[in-house]
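Input: one structure, supplied below.
Going by the order they are written in, the chains are A, B, C, D, E, F, G and H; count residues from 1 in each one.
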Amino acid sequence: MDSAKLKALLEAVAAGDLAPDGALERLRGMPFEDLGFAKIDHHRSLRKGYPETIFCAGKTPEQVVQIVERMREHGSNVFGTRCTPEVIDAVLKAYPQAVHHDAARAFTLIVEPPDVLPGYIAVVCAGTSDIPVAEEAVVTCKVLGNRVERIYDVGVAGIHRLITQRERLEGATALIVCAGMEGALPSVVAGLISKPVIGVPTSIGYGASFGGIAALLGMLNSCASGLTVVNIDNGFGAAIAAASINRLVNGK
Amino acid sequence: MDSAKLKALLEAVAAGDLAPDGALERLRGMPFEDLGFAKIDHHRSLRKGYPETIFCAGKTPEQVVQIVERMREHGSNVFGTRCTPEVIDAVLKAYPQAVHHDAARAFTLIVEPPDVLPGYIAVVCAGTSDIPVAEEAVVTCKVLGNRVERIYDVGVAGIHRLITQRERLEGATALIVCAGMEGALPSVVAGLISKPVIGVPTSIGYGASFGGIAALLGMLNSCASGLTVVNIDNGFGAAIAAASINRLVNGK
Amino acid sequence: MDSAKLKALLEAVAAGDLAPDGALERLRGMPFEDLGFAKIDHHRSLRKGYPETIFCAGKTPEQVVQIVERMREHGSNVFGTRCTPEVIDAVLKAYPQAVHHDAARAFTLIVEPPDVLPGYIAVVCAGTSDIPVAEEAVVTCKVLGNRVERIYDVGVAGIHRLITQRERLEGATALIVCAGMEGALPSVVAGLISKPVIGVPTSIGYGASFGGIAALLGMLNSCASGLTVVNIDNGFGAAIAAASINRLVNGK
Amino acid sequence: MDSAKLKALLEAVAAGDLAPDGALERLRGMPFEDLGFAKIDHHRSLRKGYPETIFCAGKTPEQVVQIVERMREHGSNVFGTRCTPEVIDAVLKAYPQAVHHDAARAFTLIVEPPDVLPGYIAVVCAGTSDIPVAEEAVVTCKVLGNRVERIYDVGVAGIHRLITQRERLEGATALIVCAGMEGALPSVVAGLISKPVIGVPTSIGYGASFGGIAALLGMLNSCASGLTVVNIDNGFGAAIAAASINRLVNGK
Amino acid sequence: MDSAKLKALLEAVAAGDLAPDGALERLRGMPFEDLGFAKIDHHRSLRKGYPETIFCAGKTPEQVVQIVERMREHGSNVFGTRCTPEVIDAVLKAYPQAVHHDAARAFTLIVEPPDVLPGYIAVVCAGTSDIPVAEEAVVTCKVLGNRVERIYDVGVAGIHRLITQRERLEGATALIVCAGMEGALPSVVAGLISKPVIGVPTSIGYGASFGGIAALLGMLNSCASGLTVVNIDNGFGAAIAAASINRLVNGK
Amino acid sequence: MDSAKLKALLEAVAAGDLAPDGALERLRGMPFEDLGFAKIDHHRSLRKGYPETIFCAGKTPEQVVQIVERMREHGSNVFGTRCTPEVIDAVLKAYPQAVHHDAARAFTLIVEPPDVLPGYIAVVCAGTSDIPVAEEAVVTCKVLGNRVERIYDVGVAGIHRLITQRERLEGATALIVCAGMEGALPSVVAGLISKPVIGVPTSIGYGASFGGIAALLGMLNSCASGLTVVNIDNGFGAAIAAASINRLVNGK
Amino acid sequence: MDSAKLKALLEAVAAGDLAPDGALERLRGMPFEDLGFAKIDHHRSLRKGYPETIFCAGKTPEQVVQIVERMREHGSNVFGTRCTPEVIDAVLKAYPQAVHHDAARAFTLIVEPPDVLPGYIAVVCAGTSDIPVAEEAVVTCKVLGNRVERIYDVGVAGIHRLITQRERLEGATALIVCAGMEGALPSVVAGLISKPVIGVPTSIGYGASFGGIAALLGMLNSCASGLTVVNIDNGFGAAIAAASINRLVNGK
Amino acid sequence: MDSAKLKALLEAVAAGDLAPDGALERLRGMPFEDLGFAKIDHHRSLRKGYPETIFCAGKTPEQVVQIVERMREHGSNVFGTRCTPEVIDAVLKAYPQAVHHDAARAFTLIVEPPDVLPGYIAVVCAGTSDIPVAEEAVVTCKVLGNRVERIYDVGVAGIHRLITQRERLEGATALIVCAGMEGALPSVVAGLISKPVIGVPTSIGYGASFGGIAALLGMLNSCASGLTVVNIDNGFGAAIAAASINRLVNGK
């Protein structure tokens, strides 16, 4: 309920069209977000075509399909992440029009495609093993209406390959850089490029990588000030952040 | 050395004005950054008026003054963070025109003030104890040419105060949110506001706060996707990231 | 042996009906709890109808059935938690009258239902993944004779939904709030509600959630003083604590 | 603003005594908590005589005095915890009527003493070193209007002393049990007594006690289900929780 | 080679029965332990009948059988710990006279039974889940020639049961006490009994038990000074230590 | 109250010299330990001449002197560990007959010296830095009536020096081995010697020694089975354990 | 492109055989390493016959075969580590000439065998369980053209066996020493031998070995200064380091 | 005692010049190292002029002077690390000829300078704060007879400066690279240079650097295989390792 509606209600009371008790009741019964706090629910579609998201890890195929169903009733686009093959199978069976994004372990069920923003987000990673995390970022960016440039053939061990990509990197509005092991790639990219860089530590590694802790600490302690970081393997979160920058830059 | 200069050199060789050996020598002797990798040195002033920064923790007053001196020779603005009172005294004695930013434990020595960008960065914190970190962010934003809105009278315990500030929060280009203890404030802000939010865990707390680890983990695991995080107490780094967003939004 | 019995024994000695040696022997042979320390055995039924509990994790189906058998010999109600499907199958086969609480991974075998206390305990959680822990709390509350209100459709991301439940929350005698990831929900509830709140960190999350450590630390460091916490995933323990408050409030 | 006041406002609008615009203005200008979310600010006095609290650690004496001053303007009782001697000196100099609670490292500045509830909270600890934490709990309980029984001469090493206190322990509405090192005391008390027990791990110990982590883990993993736990050294938080139980039991 | 043998060799040289070169050769060829450092090899049988031990975790059935074979060639008794069912099957098939100790996940292959010492070692644990660790201790004690008293029906939750066993506990030469979760049992036993107590933290528990770390820390920080501790789940090591005490007490 | 006293009481009841109510009263009023659980208080003197112990860390000089006073009233020997110079000064001023053990940071106040047992305990350490911990063990052993052999000139780096001490090592009833850094010395000693070895990790080291954690883990994971371990820097606890072995071996 | 080639290109420009634009194009199109930074790509063959390496963990058999194929196109030798049986099967099926190194979980596909250096690297480990890590080191050393001496029959528990191998140990150019549990073996070897020793902590152990952390910390804190360490289970990395020493010693 | 000496002894026995008992006595009385295990004592001078080393941290000035004195009696060069100013003062007062290495927090007392090897070790670090660790490495290298090239003006943030030093880096026999924060410098150097690189994590940093853990983990998980690592701040240990390589390369 924005100020306009609240004023209308008060005017109805003043006009005698609405008894104080009735007004009180209506004020009480109204959904909270109508009182101006809609933004408090960040899962809601902020722009036309934005999807509702399901974090599928730890949910049974039945639960996921049920949630998809509920979302579909509101006409939302639906986006599922961290899907097991069983979840994908169940969703595709129930919704043949859904799309499986294999490398990203995700599915999308798009009714109304989002408007696509100008500019692009660069999604960078070093090797084969980081690709699932990077692809989760890619698909998330896309369902939010962003164009994406994948820059996957770079790694600290072959830093010249990274450097030959400098123009594509610098051309991005924001960069998402995924790295496991010692997690140095985001530091190097942030040192090379003047755009906002979001580091995603991945759980790739062994021994003292501690499931991504070493990479996380490496990024948090980076000398390349200005780098910000999200949770281990959280390609989704990095994409949300990069998309909010891209939207802002494009004045939306 | 950009492509233009490289081509000029090659043309001089073609024209016989420069012998191949001489060209080889010059290619070898040129500073690396001239080959187009200047950006690799992210400490250099990227725009007119940007300062050189000294992380003063663990440096003696003499060392700091010496570094300031060297920077001053290049005519740079100078910005010192994490200063002990002894460092401040030594710098102010050597450079009376330097400015001490008490709450931020910082000093600035500005010769040529930076151009100020339109828009503002909101710097948010909950209580008295987080202010040094927040102020480090504020001063850093300012020396980088950003306007800042301080929103310090808010905390999760009094969430309504935060909500009454929603317009100032939403009006920012980017938000820096500092919080210690369980570190919930950035999550709440990121839930309320659609702009990029950078969380700064602070080392404020005791017992199982483990010097900021609890706050850091709280932010990394936030349900409010899109929040990104920097190192514990790293107001400086958060400001660099926020400034890069603000610059981008303002087309610079 | 309560005071009455001890006095009777002493009177028998005084009356010469029992020789000192015999009395000594009987004092020695009596179970310890008869000497007035019954409470030291907190597993015993403290009120009529309270069940004996089996923590089934790490026990074979055979072991569990054997323990149930022993408990049944004393006529106790039996309550099994952390059951694998195999354990459930074995128990149901041996005791067809046992009830399987699917979502709670638990079974009950109730001979004499507990008296039900007035008032209710609110069990709160945010999403699908926390439900097993929340349901363990629900079933435990119920077998201890408490009524329960489930408030499962709330989460920090949709804080308004929580607020619309404020009356049901405030109406409870005690609240059990389960949350994974950054574990902020108990803080928010404890900030809204003046009743005792018991936080249950769940192991839901990934990466830097470290199997529930982030949620646990978040709750321990909560600004919302007055919140108390139990072990990760310990819905059972939270229910015992909440039940002891409810019993106390109802003067039992 | 409670419902009554809101209804009165609406009635004034209905009666034409207040224009809709004026009503809108007043609704907007009112403190947020007047809209029914007062409870969201858990620091406010929930009952007559409740104090405002200052966590003094990391604050300068000047800052503390300044905050006290602001609170005093609202006529609040004031309660300061984690005070250095310098803070105490500054407060006592500014407010000679303030009371220093030496063992608790706290001060109180009471204008209007709280009503005292019937029943009592037992505060238990083992040795000399845990007393500062226990006393913080004691003073907090008292400023919240609770009577307290100190039971300090007990420890796991002399478990019989604990048992001789069983009646005083059982007579409490709630128990706060402080312990460092392996933190076993709360488990033992929770095993003996049927009342709610809140464990406070203290940072007392050395080596592998890791500043209270061993005690914290010991309490979280206690076999004595029903025990709940607060942060290391958090006597204040335990007291808030115990006081909320005592208030509830006394129907307030 | 003890001094006597060395002297004999030197005398043979002196007598000309052995050439210096031959003596040098024999000195070189002799197993190192013959030079007086036999004790450096603590795996060797220290007394007649002591077994050679195989830690089977992470070894294939083939590897284990091969090692058994090699040991059998020296006529040693053989003792295998941490056996998977596959290892047991392979050993029993190769050596039908081997004995499977089911609860201990161990096997023994005894050619020459050890002399049995007077006195006994008490092996104590609380519940069903700790039994594999306790039984590993029991079997180890036995193959080393110690008598064992199992005291398994005790736990901190039912401390009176422990106390009724006080005489059997006090009668032991040394006690091995296994406990998971908060690991309080060894502390309690060490508080009750004046004999050497060796605590074995077990990995039983969940959440913040961290696979036995909570129990380990609890034991290390025990107020019951005099308690010593071995690695998590290391029933074998505790038994070696207890056996060395029992041997000493019996003058061997 | 031992059985004899309890029988006497019952006989008084039988003889009519004591009314059942009076007997009940006396049974209730008697200190718990009189009921046969004296051992539960492990701080009490177990043998004539055993001292009461004060862990002085974190206690003020005044508190320590006060505790000494109370202990002196019972005629106990007193033993204080972890003393600051201020504590020592205060104790020596109040009790000039007290003895300061400088290297051990301890004092003793002996009224009635303990009987000295035959045999000796070996206290072993590698270097200068471990000596405070080793000396705490030495003084503790002595006040408990044990003879001690110090073997301080050995370290893994000069393992031959250790080996030249093999006879003194093997001659001990029990060995206490203190080591910081990687904590390998106890493993090596336990490998050489067949007597019970108690490892004491010390907090000596830097960097990844983590205040003794590396040494603690090294000892817990030792291949030299049979080694048991106490808390970091806990020379006192190791001595209690070693003394209990020595007492046992000497049939006391 | 080495200097010679660069000079040739410049001479072609000078000679008019190549236009400046064409030269610019060729400079741009050339692989970065040709500009003199070849070393930046440490994965490239540094000497004739050096293999390209694939870290196969977390890659599907299809991905591995695809990468092998790509490498084969450049005529490289190929070396795959951390292979599952499925990966091995797929590679052998696609490349029957590939060799499976069973104990090392590796395969090699050698077209042109490397030149073999004089001298040898000693690879040392204690027991059966460390062999996979040690063998990864062995195979890596060999594909890099080093001879290897395996010394596997040694362990701290049987230190004399180690000492009898002293000549073979001392004869090596560099030593790789693998150990799990407390990780003492590299310290002991580094104490005995004057050659560079590289410690490889293995994840062998249980309980407080924490998957190799105890061994890692033991090696990092070793008193035997001069020992350097690689990641847990990183036999490959240790071999690279040892090979670089061996190459250096042999003047290559 | 080498084989030659042992054979001579045996020949003396054979010749009757030495009685078997006398030979036995001499074998027994000889220092252990004479039996061929001298290397076991790695602190002894391995080559002429090598110093004895004192780790001064945690030692009083008196203790250090006493140890220096003892070493001087054997005519050794003496080298003290981790010195407080008080230690330096005491040593310089006692031995005016001692040299204070200020930046390295070390002193040397050289009687007979070591022979200087050809070749050099490069000691690399990024900034002012890492210099104490780097200088400890430098001084250690020098007292061991190595020439050193300091390369201190390089850091990941200015990677081109590092690259301009490539020839000096590549020219070294071995490299010691010190870095704090995320510890990326050794990875980058190891990627650029084919020589053995030893990484020294420093405790420089704040927040999630955890006193050097982040840097340590970064180095252990480096993609730049072949890098080996020593303990945090252990410049001394890195120098010992580098010196052993340099000695080897120079055939000593």
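Heads up, the rule we're going with is that a residue touches a chain if its C-beta (ideal position, glycine included) is under 8 Å from a C-beta of that chain, and two chains touch if they have at least 3 such contacts.
Just so you know, these numbers come straight off a predicted model, no measurement behind them.
Considering the contact criterion stated above, the chains in touch with chain D and with chain H alike are A, B, E, F. Listed by label, the chains touching chain G and chain H alike are A, B, E, F. Looking for a copy of the G-H interface in C-E, A-B or C-F, one arrives at A-B, which has over half of the same contact pairs by residue number.
The greatest centre-to-centre distance from chain A, using averaged C-alpha positions, is reached by F.
The centroid of the Cα atoms in chain E and the matching centroid in chain H are 40 Å apart.
Each chain gets one centre point, the mean of its Cα atoms, and the points for chain D and chain G are 60 Å apart.
Our note on geometry: chain B versus chain F, Cα centroid distance of 55 Å, whole angstroms. Centres computed as Cα averages put chain A at a distance of 51 Å from chain H.
For chain F, residues touching at least two other chains, in rising order: 37, 40-42, 157, 159, 163, 191, 207-209, 213, 216, 220-221, 224, 231-232, 234. Every pair of chains meeting the contact definition is listed here: A-B, A-C, A-D, A-G, A-H, B-C, B-D, B-G, B-H, C-D, C-E, C-F, D-E, D-F, E-F, E-G, E-H, F-G, F-H, G-H. For chain B in complex with chain A, the touching residues are 36-37, 39-42, 46, 163, 166, 170, 173, 190-196, 198, 216, 220-221, 224-232, 234, 236-238, 240-241, 243-245, 248-249.
Listed in rising order, the residues of chain F touching chain G in the complex are 126, 155-157, 159, 181-184, 187-188, 191, 205, 207-210, 213-215, 217-224.
Residue ranges of chain F in contact with chain H, taken from their complex: 128-129, 157-161, 163-164, 204, 206-209.
Of all residues in chain F, only 3, 6-7, 10-11, 13-14, 16, 19-21, 23-24, 27 touch chain C in the complex they form. Interface residues of chain G, counted against chain A in their complex, comprise 31-33, 37, 40-43, 57-59, 63, 67, 82, 201, 203, 211-213, 216, 231-234.
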